[in-house]
C-alpha cells in the first residue's frame, strides 16, 4: 500500500490549496459547510449530547421555567376558581400560585395543597403531568446518554519528530491513554497531506497513507510510539527539512480503540502541521521501574524530546 | 473478485424479471413478503422506533386516554364511595371525577384531594400506580430510543455518471454527509443488476459486485466520489449506452460507516436505475477555498454535473 | 481451510460419543454443566432478560406485593399513631391501611390522606420512597432492555438437502429473515460433526469446518440458499447416503448479521442431524414476480423441497 | 508473524526490568501512572460503574441524606412559616420536619401534609423536585448501566502447562465460560514477555506474540485448550525448564468474544508468570457423556492436570 497517491481521501483534492490546517489539534475539522438549510444538517442528538454541562444545565432550567410559565398561564386562563387552595387576590399573586401548582404537577410531586377541582383545570393537569413524565423520560435518557458516552481521552505528544530509527529515519509521535480505563486493540492510521507541483506547474495538495512499523497494539496501558519508517517506499524518502516545510505538510492522525469500560469502539483524531514536526529529536523515556519493582509511567513528560546527534 | 457472476446475492435470482426497481432511492426494498401471519413478522420494536413523531405522540396520547377511561370505569364499578373528595352527583360527573383521580394515580402526581379510602379503591389505586410507573418506564426507553437511534443521513447525488476516468471510463456517483457529526471509516459496496439473455434465449436478471477504485475512506468530512473503473475486468467493459439501458440495469449501493457521535455502525442504501445513470457527464467541483483560506463545501451542488467532451 | 480436521472447536472432542444432538434446532446447546455453585454461573441479567414476559410480569407483581407487605409491617411495628389518617381499629385493618400507605409511598404517588407524622414513620417513608425510585429505575432499564434486545428471527428450512449443484453435488439449506427489519452483511458458518473410526478402532466424533460457495450476502431481503459444494476438498466427497447416516452427522450452523434497526450484530444458530439431511431433493422456488411487476417471496414455502432426478 | 520481536507492545520496553508481574491474574495492570492531576485521569463513569455494589448503595444513601440535610436547611433559612403543617416548636424539631418535607419533595412523593405556602418555600420546592427528578434520571442510568454492563466471566486454568503436543511440545492453558450465556467467536492472543541479555550484556525484557494452533473458536459452550506449538518458529523452541524460569517469563493472555446475551464484544485478560507454567503436565479430561447420552462438562476440574511421561 506504500507510496500510493490519492487525490481524494474522503477529503476532496480541492481541500488542496487551503492555507489553514484541515484537522485541528483537538480532532475537529476546519471545514465550512454551505448550501444546506439548518434543519437538514442539524442533529438534535448531536447538539444535546455534545453541549458543555453548564450550558446543558442552563438549558434544562430555562425549559423548566418556560414550561411552568406557560402552564401557569393556562390555569389562569381557565380560571383560578378551578383550583382549590389558591389564596392570592391580585392576578399577579394568582399567576404565581398557578405557576407553583404547575411545577407540582409537571414534576408529579403533587402536594395537593393546591389541587384541581374544576373540569378544565383537571384536564389541563392530566395533560401537564403526562407531559412532565415524558419530558423527564427524555431528560433521563439525555443525562445518562451524556454521562455514559464513550470518549477516548488520548494524549498525543505536542510534537511529532523525525529522527534516526534503526538503520534509517522515521516519523514518530507518542500517544498514551489519559484515563485509567483500559483501551484494547488500539489501531493507528496516519495520512500525509502536502502541496505538490505537478507537471503543468499547478500546485495542489496530495494525500498519502503512511505505512507504520506497527498498526495495532493489543494492550495500551503505558505509552505507544507510533513509527512511520522513512524507507524507499515512503513519500518522505530523501525529503529534506526545507523541502518538507516548503510543502506545507499536515500529518492527519486517526486512532481507533476498543474501550473496555464502555464496551464500545472509540476514536481520537489530531494532526501535526509544518513546524509541529521537528527534525533530529527523539522522545525522552517516560517509563521506569519504582523502588518496589513496579513499572511507572510519567504521563506529564510524554511531550518531552531531546536532540540526537 | 472482479467479473464474477452471482445468481443470488441474498436477493434471489428470480427477483430477476421484476419490472420495478428492487431498491428504492430512499433505501427501502420493493419486495412483497407473503405467507407469514402478522405476529410472525411484526416487530413491535421496529414499529414503535420507526413511527413518525406525530403518530408516535398521538399513540401515546390515545393510550393515556384509554387507560384512564378504563381505570375510571374500574373505580366507578367499585363504587365512588371508596374515594374521598368525589363531589359529582350524576354518574357522568362521578365518572369524570374518577377519570381525573385515575390520571393523578397513573402519573403518580397524587394530589390527594380525591383519595382512595375503601379497600377496593385502595387496591385498584395500588395497581394503577404500579402500572403507571411501568408504562412510563417503557415510554422512557421508547422516547429515548427513538431520539438516540443512529441513522446515517447520507446525500447521494441524484444521478450516477459514466464518464472518462484517467485513461479509461468509470461509473461514478457522489456522496456526502448531510449532518455535521463525524462519519469515520466509510465503506462503499456497489452491485450491478441487469437483464441478460442466456444461451437458451431465456432472459434473467444477473448480479455483479463491482470493483471500486477505493472501497473505504477514513475521514468523510467533505464529499466522496465513488468510482468503479470500467476496465477489462468490469461487466460494463465495452457496453454501449444503448446496450446498458436495454438491460434495465440497477446499481445497488450500500454505504457502511462508523458514527462518531453515536459510537455505532450505520448504513445507508440507495440505487440508480436505467436513466438515473447518465453518460458523458462529470460532477462539478463543490469544494473551494474561502477568502480566509478555509476549505468550503457547497452541499447543495452535490447533484450538479456537466458534459465532458 | 478446506479438509482440515479439528479435535476441538471450542466444543471439546469428548463431546464426541454423545448420542444426543449437541445443538438443538432452536440454537440452544445440549450440554450439562456441572461442578460450579449457583452464584458462580448464574447471571441475573441473563435470567431477567430472557424470562418469558408472563413470568417477568408475575415476578414484578410478586416483588411489589412482597415489598409493600414488608413496609406495611414496618409502619405497624413503628406504630400507626405515627401515621395520620389511619382509620382501622383492628390490627388487621391497620395493617391493611399501612400497606396502602406503603404502596402510595413506594410508587411516590403520595396522596397524603394517610401521611407520616411521627419521626419514625417519616424516616421509614423517606427510605421507602428512595427504595421505590431506585427499584423503578431498575425496572425501567429491565423493561426497556427486554423490549429493545436485538434477537434475529431467522427461518431455517426444516431440512437440509444434498442435491446436484452445478456439475457436482452440494449440501444446501435455505434461510430467510422472518421479520421485516433489514439484516445486512449476513455471514454463514457451517461445521460438520460426525463419528469416525480411527486406526486403533476407537470411534470418536470429529469436527470439520465446511467451505461455502458464498460466506456472506450484503442484502438479505429475500431468501438465501447456503451451499457447501461437495468437491474433492470436502469431507463429504464420495460419501454415500448410507455412510453419512451411519456416521451420525450433525451440521452445526451459525449465522451472523448486522441488524439495521437495532444497529447491532445478531446471531442465529441451528443444526441439522442425520435424517434432517435429505438426499436427492432440491428446494422449490419461492420468489416470483407479481402482476404489478413487484418481486414477491412466499415465506411459508421456505421448507418445501422436491425430488430431482 | 512467528518469531518476531517487539520492543514495544503498547507496553513500552522499559517495563522490562520490572520485578513484579505486569498483568495480574484478575486482568488488571500492575502499573503506576504518575504526573497527571486527578481531574485529568479520573473518569466518573468508570468509577461509578465499577464500584462494588455495597459501596455504590452506600454512596447513593449518603448522597440522599446529604441533599436532604441541605434542602432542610434551606427551608429553615427561608422560614418554616413558609411551610404549612410544620408542628415542631424547637429549631431542631423544625429542622427535622423540614428534612422530611425535603425528602417528600426530592422523591416527588409529595404527601402534602407539609406543603409550601410561602413564595420562597414554593420556589425552593420547585427546584428541589426538578433536582430530584434529574438525580433519579441519573441514578436510573447508573443502576441499569451497572447491571447491564457486559463482563465476560472466563475461568482460566490456574496453571499453564508445557507438555507433549502431537509430535512436538506445546504451551497450553485451558479456558471455559463460567456463566451460562453464550459466547461466540472467541479469539485468543498470547504474548510472551521475558528477560534477555543482549550483546552488550544489558538485561532487558522483550515481548513476543505467540502463534496459536487455533486463534478462534466459533462456539464456546464447553472448554477450550489454547495451544501454542513449540516448533522451530517459537521463541520457546529448545528452551529448557531452567532457562525459561531464569528469564522470568510472563505469558500475557487476552480473550475477545461476542456475548450473545448483551450483543456486545467482551474481553478477559490474565497472565501466567514463571512457576505458574508447569512442565511435563497435561490437563485432565473434564468432558464426558452422561447416562442419558448427554454431554457433560465438570467445570470445577478445569484446573486439574496430571503428569505425562
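Order of writing sets the chain letters: A, B, C and D. Residues in each chain are counted from 1.
To be clear about the criterion, a residue touches a chain if its C-beta (ideal position, glycine included) is under 8 Å from a C-beta of that chain, and two chains touch if they have at least 3 such contacts.
Given the structure is predicted, the values throughout are model-derived calculations rather than measurements.
**Student:** Going by the average position of its CA atoms, which chain sits the greatest distance from subunit A?
**Tutor:** C
**Student:** Taking all residue numbers at the subunit B to subunit C contact, is the shared part over half or under half, that is, same or different?
**Tutor:** Both copies touch with mostly different residues.
**Student:** When the CA atoms of subunit A are placed over those of subunit B, what is the turn angle between 0 and 180 degrees, to the nearest 5?
**Tutor:** The two chains, subunit A and subunit B, differ by a rotation of 90 degrees.
**Student:** Using mean C-alpha positions as chain centres, tell me how far subunit C is from subunit D in Å, no decimals.
**Tutor:** A distance of 26 Å separates the two centres.
**Student:** Mind checking the centre-to-centre distance between subunit A and subunit C? Centres are C-alpha means, answer in whole Å.
**Tutor:** 36
**Student:** Where in subunit A do residues touch two or more of the other chains?
**Tutor:** 104, 108-112, 136, 140, 145, 262
**Student:** Can you list the subunit C residues touching subunit D in their complex?
**Tutor:** 6, 8-15, 17-20, 22-23, 29-36, 40-46, 49-50, 84, 104-105, 108-112, 115-117, 119, 122, 125-126, 129-130, 132-134, 136-138, 140-142, 145, 149-150, 189, 191, 252, 254, 256, 262, 264-267
**Student:** Applying the document's contact rule, which stretches of subunit A touch subunit C when the two form their complex?
**Tutor:** Residues 108, 110-112, 140 of subunit A touch subunit C in their complex.
**Student:** Can you list the subunit A residues touching subunit D in their complex?
**Tutor:** 60-61, 64, 68, 87, 96-97, 100, 103-104, 107-113, 136, 139-140, 143-145, 147-148, 153, 178-182, 184-186, 214, 217-225, 258, 260-263, 285, 287-290, 292-301
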